[in-house]
Amino acid sequence: MFKNCLENVRNTVPLVHNITNYVTVNDVANVILACGGSPIMSDEAEDVEDITSVCGGLNINIGTLHKTSIEAMFRAGRRANELAHPILLDPVGAGASALRTKTALSLMTELKLSAVRGNISEVKTLARGSGTTKGVDADVADAVTEESLDDSVAFVKEFAQKARCIIAVTGAIDLVSDGKLCYVIRNGRPEMGKITGTGCQLSGIMAAYLTANPSAQLEAAAAAVCMMGLAGEIGWSRMQEGDGNSTYRNRIIDAVCNMTGEELEKGAKYELR
Amino acid sequence: MFKNCLENVRNTVPLVHNITNYVTVNDVANVILACGGSPIMSDEAEDVEDITSVCGGLNINIGTLHKTSIEAMFRAGRRANELAHPILLDPVGAGASALRTKTALSLMTELKLSAVRGNISEVKTLARGSGTTKGVDADVADAVTEESLDDSVAFVKEFAQKARCIIAVTGAIDLVSDGKLCYVIRNGRPEMGKITGTGCQLSGIMAAYLTANPSAQLEAAAAAVCMMGLAGEIGWSRMQEGDGNSTYRNRIIDAVCNMTGEELEKGAKYELR
Amino acid sequence: MFKNCLENVRNTVPLVHNITNYVTVNDVANVILACGGSPIMSDEAEDVEDITSVCGGLNINIGTLHKTSIEAMFRAGRRANELAHPILLDPVGAGASALRTKTALSLMTELKLSAVRGNISEVKTLARGSGTTKGVDADVADAVTEESLDDSVAFVKEFAQKARCIIAVTGAIDLVSDGKLCYVIRNGRPEMGKITGTGCQLSGIMAAYLTANPSAQLEAAAAAVCMMGLAGEIGWSRMQEGDGNSTYRNRIIDAVCNMTGEELEKGAKYELR
């Protein structure tokens, strides 16, 4: 039950080590706190092994890669693997540059990941081993729609099997699969795309959920997706005349902060395939 | 017409590559989304050429220079020039340190810029080729006032001719010139100076406008200045008792998000000299 | 009087150089503006001496250390010492990694600091010269409580004497001592811990207060702690149904922005020991 997943986060306050981009890092920290976790950020290679060791999970986001932070990602990842901590990879902009694509693929090869969360274009790039995406947003041609849903579910399942980790593709319809089952999730609002970093925020939440729910990883990942989408719906319902994307950002994090297990259970819109 | 400039941004969703400071980067991303563009951030030298290639314009902001990001600025800039993308330079703190002054001057020399946007002290530093400024805010002695307006307009026109690009000096009165004409703009609120990064945000908006309006660069730059100033006025009108600079920041971005072409056209306060 | 300390900040607009983490840097900049100061950020070793020279005080925060920024901290610190500028150290995560502990200790040894502000676990690590903390939050076992208050006051006084600077330990009860006197402060709200960076923000405010009040350093440090705590109380009183930690963050900075000397004087809850 998603309710349990949420409550496990709030009760255990998982400490999540984030190596993430400097664009959305503050929102990632606040949303991890909002969902019940505790964030710590460190991307200096000489610092990350110690930091990962005091944490319970690792969130790697390649949104603003630096050569020095790449080394930090591998060192933190290897240490997290030794400690059997869950690792989530958010391959921001994979396909938009050779460095991003190469780094994301190497992280998938050299580390044992628990989950990869990205938009459909980023995930297709990783599945193909190469590719192009238009910036950090998903290409319209790739979008998961009701029409392409069967194919998309099959694709995500297959890639999850091949990658041996949970694959979460988020967009208008979200897909979360461990290779066997696939959650098809219809929470969220299109206006969330007008805020920078809602994807990064979801990755932070998901890392906290994975850390707090070791025996229910797929369900935890899906619950995180539903929480973020539902928060987008609740936040939107509180918008007043004159409010725009900056206020919406605050209201979404506020909604995560106030969400109870019952509300998540009731508001989650998904089917299992 | 400013209305067209705004609508060209909303209709074409220009992708803007930002190499910017980590202080205000989140606000820059959100305000570019708010005005209708799409931001992507990358400042790793090995990443920037690919990223600039998938974008339509480049916004270079030296607010927190690093030796590595300086290299990225030049590499991205050269690639943007090859692709004939507009480049905007925001010389944050030029005059406050030798590194900032030297870097800004080198960027102006080695790259073909479309526009430079800064406060009067920063722009005077660039025009003189050296100088001192008090931190990141304009020196009071330099301020563009009604009394000094004729001289200031002449200075900005002359520097725009010499620099062969649009010069935008923003403050209580804003001046935007391509060397022939000069927009004198009186939108905005003094309280905007109590928020970090309203200048950086304007540079982000201006880069989006320049990218979406290739055949009307001066008008696009002036429209961006009016949009930011008008958003400052609208945001201020929505302030309630107990609100301060943090809420004001949100309300300004919200106002950018909701502004229509008609509102911009009607609210813009400028004269042409 | 705390009223004077606040008004000295608003009247002199102290320019504060911040070498700080990229997680909370935007909030630090906005809260320094809110309290009446003017922030500038620079952490490139080749830039910091010039920047510190145009400022009046220096705020060093090790929340996201990089090897390059460590060098910048020492270079800026030495220059600030030459100029007799106050330096505040915020040892974020000292005890959580060897690099953080070692860097904080070296900064304390090689620079003449005016103040160190951290949570009890971080400060105990520095006092012992080594130690472990659980991430960036204080360990519950270390907490300053009514029961442990006498011992905690004695500890802080002793460490302040040994370190020859003001020691500010913040948490449910805050202690600020110069080795002779100790302010015991009971402002604030527990919900402030659900926002990232309220400690970093306080350090920014404190650096501004120290800079603007050269002849009343202990009182200035205590006034800053009371201001932040009182802002947390005022911000909380403005929370509405559905608001969460993101809105709370804005309301706290807003409250700093609007606070008068009289309000601070009246709302400050402290005793001197």
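Every chain is named by a letter (A, B and C) in the order it is written, and numbering of its residues begins at 1.
The criterion applied here is as follows: a residue touches a chain if its C-beta (ideal position, glycine included) is under 8 Å from a C-beta of that chain, and two chains touch if they have at least 3 such contacts.
Computed from a predicted structure; not experimentally measured.
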Arrangement of touching chains [line / ring / star / complete / other]: complete
Relative orientation of copies subunit A and subunit B, as a Cα rotation angle in degrees, nearest 5: 120
Centroid distance [mean C-alpha coordinates] between subunit C and subunit B, Å: 33
Shared-contact residues (touching 2 or more other chains) in subunit C: 22, 26, 249-250
Residues of subunit A defined as touching subunit B within the complex: 21-24, 26-27, 63-67, 93, 96-100, 132-137, 194-197, 242-247, 249-250
Subunit B contact footprint on subunit C (complex, rising order): 15, 22, 25-26, 29-30, 33-34, 38-44, 46-47, 50-51, 54-55, 68, 234, 238, 249-258
